[in-house]
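Here come two complexes built around chain A, the first alongside chain B, the second alongside chain C.
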Partner chain A sequence: MSGIRVRRFLAAVRAALVVIAIFVMLIPIIWIFLAAFKNHVDVYQLKLFFTPTLDNFATVFEPPYLLGPKLLNSTLVALATVAVAIPVATMAAYGFSRFRLIGETAMLVVILATQFVPAVVIILPFFVMFRDIGLLDTRIGLILVNLAIVMPFAIWMIKGFIDGIPLDTEEAAMVDGSSRLGVIRDIVLPMAAPGLLTAGIFCFIIAWNEFLFALILTNKHSVTLPIGLALFKGEEGDLWNLLSAAGIIIMAPMFVLALIIREYFVRGMTMGAVR
Partner chain B sequence: MAEVVLTNLTKRWGPAVGVDNQSLRVEDREFLVLLGPSGCGKTTTMRMIAGLDEPTAGDIHIGGRRVNDDLPKDRDIAMVFQNYGLYPHMTVFDNIAYPLKVRGTPKSEIPKRVGRAAEQVELTGFLDRKPKALSGGQRQRVALARAIVRTPKVFLMDEPLSNLDAKLRVTMRGEIKRLSRELRVTTIYVTHDQVEAMTLADRVAVMKDGVIQQLGTPDEIYDDPANMFVAGFIGSPAMNLISGSVRGGVFLADGGAALVRIGAPDLDRAVLGVRADDLRPVGKGTGDVDAAVHVFENLGESTLLTLRIGEQRVMARGGRHERKKPDEVVGVTFNADHLHLFDPESGARVRFRGGG
Partner chain C sequence: MRDDTLKYLLVLPAVLVVSATAVWPLAESLRLSFTVGRLNRPGSLDQYLGFENFSWAFMEDPAFWNSVWVTAVYTVATVGLTTVLALGLALLLAPEGRLRSTARTLLILPFAMSPALIGVSFRFMFNPEFGLFDAFFGLMLPPLAEISWLANPTLAFAVCVMADVWGWIPFLTLVLIGGLAAVPRETIEAARIDGANAWRVFRDVTLPQMGPVLAVVVILKTIFSLKTFDQIFMLTNGGPGTATQTLSHYIYFNGMKYGQIGYAASVAWLMVIPMIILTYFYAKFVFRKE
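This part shows the complex of A and B:
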């Protein structure tokens, strides 16, 4: 009897810990979610009950804030980054996975090592180079920078997926009459599709959230959403309600993507990690 | 339809030798089995024929054409892999149809030919399934159907039955035999299972350490082994290899026991090879030699006696109703027509007049 009671007690403790953990993780999001629907008076009070308003979401798209172009910039930059990164990373990953290359290990390590270089270290050369070739404050410039950030990650992740495809399967296709490119098209891409989707979404999220490079390399035309948040720090003080509304707009696609990749997430991460 | 000719074929990975300067001619429509323990080079040989591995040296001809520099797709072969190599994202139909599709078979003809191939391996009801929803035996059938859906010059089969359970293996072995009789396409079949080799092959090439030890019909391999390796590898139980010497036309086991008369000249060191089936247990004192029973095993359809001859153990096949106790002394009769002598140093066969 006491064994069951102990077990029940432990279950309750576990449930309580989970609730606390969720609460700690979600509290900023809850706060921002509430603030986004408050007017500028309510926002300074920790009220849970108030008259919600959608005005904030309209205001952020109006002058002087004009979040619309920034939303467009963010979307275009992130999508273009994914559109270039995934095909190129797939080809690189296939090469690393299936061929014995001279200096293969060294190349893989170097690719991985670029991930550990602090962004602030390389931001200056980027700035100087972009200034000289006229890429400052352009979407193309931002896309290039984002590619530099996401490619190593995408290569490693997709390589993990391709490593997981049995070599037999590809060899069977080659014997069956397929060329190497045919094998990639008919066998590798369909089998690695969940991995490509996961990697693509991760790249999108990284590019979408990228802040530091966009802050330094843009100032007017190609400003992205995260930089746009700084707009709401005006002479009237911090406009928390507008800031929160913009925050929701930034977060919303992330929640949608999280839902899409939920089922691939674990598989994608473990395959990328173990292999 | 074509013969496959390997000329001085060699595969090395750095200092490691996979296949060592081997030549082999597989006749048109022949079923040739490459048999050997793991790491003997049989799979490497097959992969070089398929074009999946590149030979270090030597030539491969298929149907009179040198294919060394051809991609696998240009060699007009079909292959069955040990792990089946099915396309998991495609249905059984699409799996079988794939070789036709990539080779540009007219679309209207594909369903007909897939249907016929599926029929030949009794898969007709499963065409809409994905490989994941099939049992091991069914997957193997898909792999077979994918191979026979075209008529290639050569079939290559790489241990196609080794992932199946024992019972299914026997069934599928029969299926492969039936298919090969029907299709009459040159087939090269790799296995480490001597029963598959014995039952399926027109000829068997026994390999070890990258070298073909013997090439011959199953009968030749079984009854007339070229060396001690082949003698010990083929047969279950393996051939008894008794070391001793030959003096005055009699084989003496180590320790001095005279075993059997043999028409060979005197040899200081020799190994006598004799199959358990060619040793008959008889009454004590009535055979060629007496020996004590070490282990007695009842296999159901026959019995197996492990006997002590000096320090050596020798197996003899007894009748179904034979019953012996350990340490009981029995007589043994050698079948004089099936005695083999080997040189213990080189392992080579020592031929003698009157001997098999």
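This part shows the complex of A and C:
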């Protein structure tokens, strides 16, 4: 074979490998996706070809499963977590980015380190405290502990964005007589807006997918979607078609959000250790 | 307002939130770890017994050592497999082109999936009666079809590792693609001209250049592997027996199911120590360029 042919052949092999690898990576998602549209009988027969049905998506919202309130809880908890985290993190990010503070490195390291504290360590004292003050099984309680996991990401991510905004515009405005708060409001916030949105979406995904806190703190009124998955156990074991439909409801919105911010996913997760 | 005051007011709310939601529970857990700490016994949360919880864990509790062992093997297996597979996938997907760019986009999907849901989907796929894997093995290797994966301690552990690796490959791959892009083209070209084959170029040029990125990825993945809870809980719930009981799961069981919150807190703190060491190394990379 000539050199060109060998190269073409290798390129085709590589392209095939790419397709196979991605297919393998998507199998569990495809599998859930298929099962969500199967009826009860088809799930248990492993069919690849079947008449799709939307019944499962209706059933999960009916008694005894009632996914509706859980969907509401998940949405409210994640939204409120983001609504508190982003403004607080933005202020701090600006402070850390633009000024030298006493103990700055220490504070940043502690904030970084909190991301690595096992969730199970955080939840033990909160469980005791919430039991004593009546915050168990409330959305407020869940929002409070969720802040523990999103704050470090939010601060570090937004700080990265603000670090990238050139100082000149700010300084020019200050020379023209703007106050510091005016500069933050009129220059920094508009320029950092895409970054704030990205950080907000990132934190929303984390709060939405959070499992351990909700498992321990909720049992009836404030149960979130991931915990709701445990409901789909019947007398005869797991109800896979319903589990899959609930799974789609949990993951589909996150897929959309993840695709929107995919450029920043890596930077967000590594907190700037990889640029 | 003067900047000198303002700058501290700006960071104050964040410092308060982080202190209340992360630093306080860490300190309070440490305090609880020295107490009798029974959830159902009022007053026992302030009843101190020194290092007794810790010595109990070390000396008298085989279940603790079991979870340490499970976590250690789990961490080594998941970190190793994820890193190697992600590096392979990164090399495959790094070149530009429409197919690869689509592939990179699709890769974000598994990572947006909640770990609990990953656990559920793997339990589904390894179901002995109608799971996908079972059907696959029934077709390819009929003797394997009769195995009920999650009932066998070793296989259940392997499935947990598989689910974890599957969930983390996308993220590590995307990080490593970024790392590959940063390797200077000229160095690779120069090595090629000097007659190095693809493998030599990879081993002697690409890999050393990737060092820092690989280090970050390995530290980060190690931290997340050590903490693993969600998938395990949904996939095997620590079973069969305690074959897949990680430290996080053991802490959860002691604290929440048996109400031994003092003991759970002491085991939890034993887990925090390696985290602090790993975080120290991780912080070095974060602050390196500043």
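One rule holds for everything that comes next: the second predicted complex is superposed on the first by the 259 of 275 C-alpha atoms of A that agree within 3 Å, B and C clash if a C-alpha of one lies under 4 Å from a C-alpha of the other, contacts with A are read in each partner's own complex, and residues count from 1 in each chain.
Heads up, the rule we're going with is that a contact is a pair of C-beta atoms (placed from the backbone, for glycine too) under 8 Å apart; a residue touches a chain by one contact, two chains touch by 3 or more.
This structure is a prediction, so every number in the text was calculated from the model and none was measured.
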Mind working out whether A:Leu66 is in touch with chain B, chain C, both or neither, as first, second, both or neither?
-> neither
Of the two partner chains, chain B (first) and chain C (second), which one does A:Asp176 touch, if any: first, second, both, or neither?
-> first
Can A:Val43 be said to touch chain B (first), chain C (second), both, or neither?
-> second
When the two structures are overlaid on chain A, which partner does A:Ile29 contact: first (chain B), second (chain C), both, or neither?
-> second
Chain A residues in contact: does chain B have more, or chain C?
-> C
Identify the partner contact of A:Ile122: answer first if only chain B is touched, second if only chain C is, both if each is, neither if none is.
-> second
Looking at the overlay, what does A:Leu79 touch: chain B (first), chain C (second), both, or neither?
-> neither
Determine, under the contact definition given at the top, whether A:Pro226 touches first (chain B), second (chain C), both, or neither.
-> second
First (chain B), second (chain C), both or neither: which does A:Asp186 touch?
-> first
Contacts of A:Leu197 with chain B and chain C, given as first, second, both or neither = neither
So which bits of chain A does chain B touch that chain C touches too?
-> 179
Chain C - residues contacting chain A, complex = 1, 3, 6-8, 10-11, 13-15, 17-18, 21-26, 28-29, 32, 39, 45, 89, 92-93, 99-100, 103, 105-118, 120-125, 127, 129-130, 132, 135, 166, 169-171, 174-175, 178-179, 213, 216-217, 220, 223, 226-227, 229-230, 233-234, 248, 251-252, 255-256, 261, 264-265, 268-269, 271-272, 275-276, 278-279, 282-283, 285-287, 289
Residue positions on chain B within touch of chain A in the complex are 50-52, 71-73, 77-79, 81-89, 98-99, 102-103, 143, 146, 156
Chain A - residues contacting chain B, complex | 166, 168-169, 171-179, 182, 186-187, 190-191
Which part of chain A faces chain C closely enough to touch in the complex?
-> 14-15, 17-19, 21-22, 25-29, 31-32, 35, 43-46, 84-85, 88-89, 91-92, 94-96, 98-99, 101, 105, 107-114, 116-128, 144-145, 147-148, 151-152, 155, 179-181, 205, 208-209, 211-212, 215-216, 226, 229, 238, 240, 243-244, 247, 250-251, 254-255, 257-259, 262, 265-266, 269-275
